[in-house]
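Below are two complexes that have chain A in common, paired first with chain B and then with chain C.
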Partner chain A sequence: MKELLKVRDLHVVFETPGGLVQANRGVNLDVKANEAVGIMGESGCGKTVLFLSLLRLQQPGKIVQGCVLFDGRDLARLGQKEMQRIRGSQIALVLQDHATALNPSFTVGEQLGEALVIRKNGGDLWRTVWGQHKLDDVEVRREIDSVLQDLALGDVVHVDKLLDKYPHQLSGGMRQRVLIAMALLARPRLLIADEPTTALDRATQMQTLALFERLRGRTAMLIISHDLDAISQTCDRVAVMYGGSIVERGAAAEVFANPRHPYTRLLLSCQKPRRGESLPPVSGDVLDLIDFPPGCSFHPRCSQAMSVCSQVKPSEFEVEGVKVACHLFGEEGRS
Partner chain B sequence: MPIKADKMTWAGVAILALLVLCTILAPLITPHDPWAYGRQPFLNPGRVNPLGTNDVGQDIFSELVYGGRTSLLIGFAAALVAVTTGTLIGLVSGFCKGRLDEALMGITDVFLVIPALPLVILVSVYVGTSIWNIILVIGLVSWPSTARVIRSQTLSVRESGYVESAHAMGADDSWLMWRHVLPNVLPLILARFVLAVAIAMLMEASLSFLGLGDPTAKSWGMMLHYAFARGGFINGLWWWYLPPGLAIALCTLALNLVNFGVEERSDPRLKRVMER
Partner chain C sequence: MIQVQGLKKHFRFRHGLITRLRHPDHVIKAVDGVSFDIKEGETLGLVGESGCGKTTLAKTMLRLHLPTGGRVLYRGRDILSMGKKELKALRREVQVIFQDSNSTLDPRMTLGSILEEPLRIHHVGNRDLRKQRVAEMMEKVKLSPAFLSRHPSELSGGQRQRISIGRALLLEPRFIVADEPLAGLDPIVSTQLLDLMLSLKRDYGLTYLFISHDLDTVAYVSDRIGVMYRGKIVEIMNAERFESRARHPYTRFLLTPAPRASEPALDGGVHFRDQRSESGCLFSKKCPHSTQLCAELSPPLREIVPGHQVACHLAD
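Showing the complex of A and B:
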């Protein structure tokens, strides 16, 4: 299948008074059309900066190297005007915090309508004011109904009542669904969801995951999450991130069954401790994003580190369809 | 408590509406032309002249009602100038950040530091005293605090999830500012406006009292000025200086009552309590 999104050697830095923060250092990532890809990794590993960079919303961070090929075009080099047309209608974003992601001054219906207007007018206020594409209420309603139908929400909720409500009158789960519906209204080719289940209770998490499962195969998705269950349930492939790079990526089933990179193994072993077992402690310090260790950024915490690990940054090695950036799978590891 | 605040607001609105209505219907209410001379000066209140006459024989009650026109006009117009300027500068400053923000806030700080009344006096001496000059001058000195308040609110709103969300949906900067930031600072703008009217009216009264008002227009401040200058205070002619003073106080009170409610309503948490 053709690749929809192809990120190659992406470097994003932030200039701070304390020094240059390297949030992304050489990210490689592929998303095929209609494929769901999960990104997991600890806090501060660069997941958020990565997806913001895809939309060029990473300011004040700077993309200093690498490319983001979306449908053959390099987003890292597009102008802001062209980027505006990509945002929303090509790549849509569902933000993590559903409590603040809706404008408290407008009803759900008004905000869903706004998403449509932005799509039609390319987010240009003046074109909208001068009314090049006036949307009538019937058209807006038809689009909203069809998206809610896609999400199988048409029967669950009373649509008329929902559209007249203000965000603060909705439950967290409902707000999350409205956000997803809003993103889908523009019929994006890639949907990015940042921690879609984090701020929800268990039951609502299940409902939200069911939504993503419904969407699976119909639109490409990039799901960023700490919750490995969420990723294993909804994604075809996963990418594990550490220290601003992706250390392992491949089919979800394979990575979860046979984690290869020492960091992936550590991450998965922390996920579900059996009763009475304590979590394995992780030695070493959390990574300093300004002062990276030479070689593999994980080697100070790695139990299988070799001498080469502290000298050479590993490139990706392919093992049974899984790409692992670790010297254990290179020449040094085999010998 | 919130319900009480609501009642106070409506009381303020009622008083204000009454005053505005009186000045609009001035020709119907007033028994005489406020400019007409020829009556006997310094008359005590009576049937023909409800509040007596002034030093040149003009009917004080008619002066009072017509004076309200000028005072209210200056108050509202100057507040409009001040709040529009302040809002524009605050919005742009908070939204664009960086160099432009620093420059605009630098100017704002300079205006904030200069005491308002002496500056107004100074400027009005230079530009001359017509109603429109007074409006501009009062507007000129009253925008900085509004700019500050709007900027800080803009800063917090622009970092909110829904602005980021709309940005990610493909909205441009002017869209974000107009559709997302402005509606969420609007209650604040309204509250500032009501307060600015009260401040502008007081400032107009002070200016006129000092003799820097428009001598060709009648306002409550000018009435106080003449009452003071022509011996009304010394001779205890309370019907000359008390009514305009009370009118100014009443108007300011009403505006502050309205402001009280608007400010409470701009806080969504309190709003929900009121709806219950």
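Showing the complex of A and C:
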């Protein structure tokens, strides 16, 4: 299948008074058309900067190296005006904080309608403001209905009532669904969801996940989360991120069944404490993104670190279809 | 150690004609007749989805909210009838760790003065002794002493939560209420904090009320688990083999693994606005096993096996 999104050796830095923060250090990632890819990693590992860079929303961060090929075009080198046509209409984003992502002073219907008008104007905000393509209410309603139908929301809520409501009148789960509906109204080719299930309680989490599962196979998705359940239920492939790089990527089922990188193993062992068993020992603190250790950035916390780990940054080795950036799977690990 | 007896907290609306029409009695029953005990050295876990009244229950127990009814006894003394002096002594023994470390630490104070403040308020030792105690605590929560001169905004969420834990422990309390202490933290940091809380419990012989909506964590740390639904405790039991022994349909719902997309998800959401019209079991409208009796009569919390109480007509 053809790759829709190809990220190659992406480096993103932030200049701060404390020094240069290297948020992404050589990220490689592929997303095929209609495929769901999950990105896992602890807070501060660069997940958020990665997806913001895909949309060129990483300011004040700078993309200093690498490329983001979306459908053959390098997004890292497009002008702002061209990016505007891609944001929202080609690549849509569902943000983590559903409480602040919607405008409190407009009804859900108005906001969904606006998203639709922007799409009809090819994502061009200027043309949208000057109203080259005005939509009549019937057309707007038809499109909204069809998306809500896709999400199977028609059975759960009364659509007329929902559209007349203001965001604060909705529950967290409902707001999240409105955001997903809004993202889908533009019929994007890639949907990015940042932590779609955190900040929701379990019942709503399950509903949201079911919704993403419905979308699976119909649109390409990039789901960022540190929740194993969320990723394993909705994604075909998974990429594990640590210290600004992807340390392991491959089919989700394979990575979860046989985690290879020591960091992936640590991350998975921390997911669900089991009664009676002791907690996995976790040493060290979150990585300082300014002052990286030499070699593999995980080696100070790694229990299997070898001498080479503190000297050479490991490249990706392929083991049974999974790409692992760890010396254990290179020449030194085998000998 | 702690006895909660028929505790109630109802919030009354004072504003808004429409809200008043919707709730003819102008009341939301956030905590509605909750009773349980916590023994010395025990960890009681409290689970329930957001909005079920967990936090209100915790705050009411600590007299941060004044209850509408019921009693809270700490070592046999009624917290609600305590005078000022007695209450201050209680505050030393009972501490709380809140969910949002962002808003519970004063952004303009350094971590050193944040940690020293409770000691100052309770007139513990002189300045040098207090400094020493703070330094010892930093070591216990595994933070470098260099942090003492920094401000909360310079810390990560996990580090801030360590400060909250340290601050709660400085006065050497006996009982700690931890309200979603791990919410919003990633799994690796949560594991570290959980480990820290458990080792401190061993060192200090603490008693915890551990509130969370994450069943796995609660099942891991607790000796007993209480399940809350819409202001009431619907089940309270030993954490031992909780997963196989829980009987209440709502608890079973919480325990089910995530549904496939093809199945309609059961909506367990809380809708306080339905409260007025409802008699009977609050879960009956969503319960797959609901009978006529459930819709008419509210089931009392009763013991089905020693140490296992369920509020359901069908459990026996």
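Following the convention adopted for this analysis, the second predicted complex is superposed on the first by the 327 of 335 C-alpha atoms of A that agree within 3 Å, B and C clash if a C-alpha of one lies under 4 Å from a C-alpha of the other, contacts with A are read in each partner's own complex, and residues count from 1 in each chain.
To be clear about the criterion, a contact is a pair of C-beta atoms (placed from the backbone, for glycine too) under 8 Å apart; a residue touches a chain by one contact, two chains touch by 3 or more.
For clarity, every value in this text was computed on a predicted model and none was experimentally measured.
When the two structures are aligned on the shared chain, A:S171 is found in touch with chain C, with no touch to chain B. In the overlay built on the shared chain, the residue A:A203 is in contact with chain C alone; chain B does not reach it.
Applying the stated contact rule after C-alpha superposition, one finds that A:E213 touches chain C and leaves chain B untouched. Touch criterion met: A:L279 reaches chain C, while chain B stays clear of it.
In the superposition on chain A, contact is made by A:T100 with chain B only, not with chain C. Within the superposed three-chain model, A:C270 lies in touch with chain C and out of touch with chain B [touch as defined at top].
By the touch criterion defined above, A:R85 reaches chain B but does not reach chain C. Overlaid on A, the two complexes show chain B and chain C touching no common residue of chain A. Those residues of chain C lying in contact with chain A across their complex are 49-51, 156-159, 184-192, 194-195, 198, 213, 215-217, 219-221, 239-240, 242, 253-254, 258-261, 263-269. The residues of chain A lying in touch with chain B in their complex are 55, 57, 84-89, 92-93, 95, 97, 99-106, 114-115, 118-119, 122-126, 128, 168, 179, 182-183, 186. Remark: chain B residues 160-162, 164-172, 174-175, 178-180, 183-184, 186, 268, 272 touch chain A in the complex. Residues 42-44, 155-156, 171-173, 198-199, 201-207, 209-211, 213-214, 226, 228-229, 233, 266-267, 270-275, 279-280, 282, 285-286 of chain A touch chain C in their complex.
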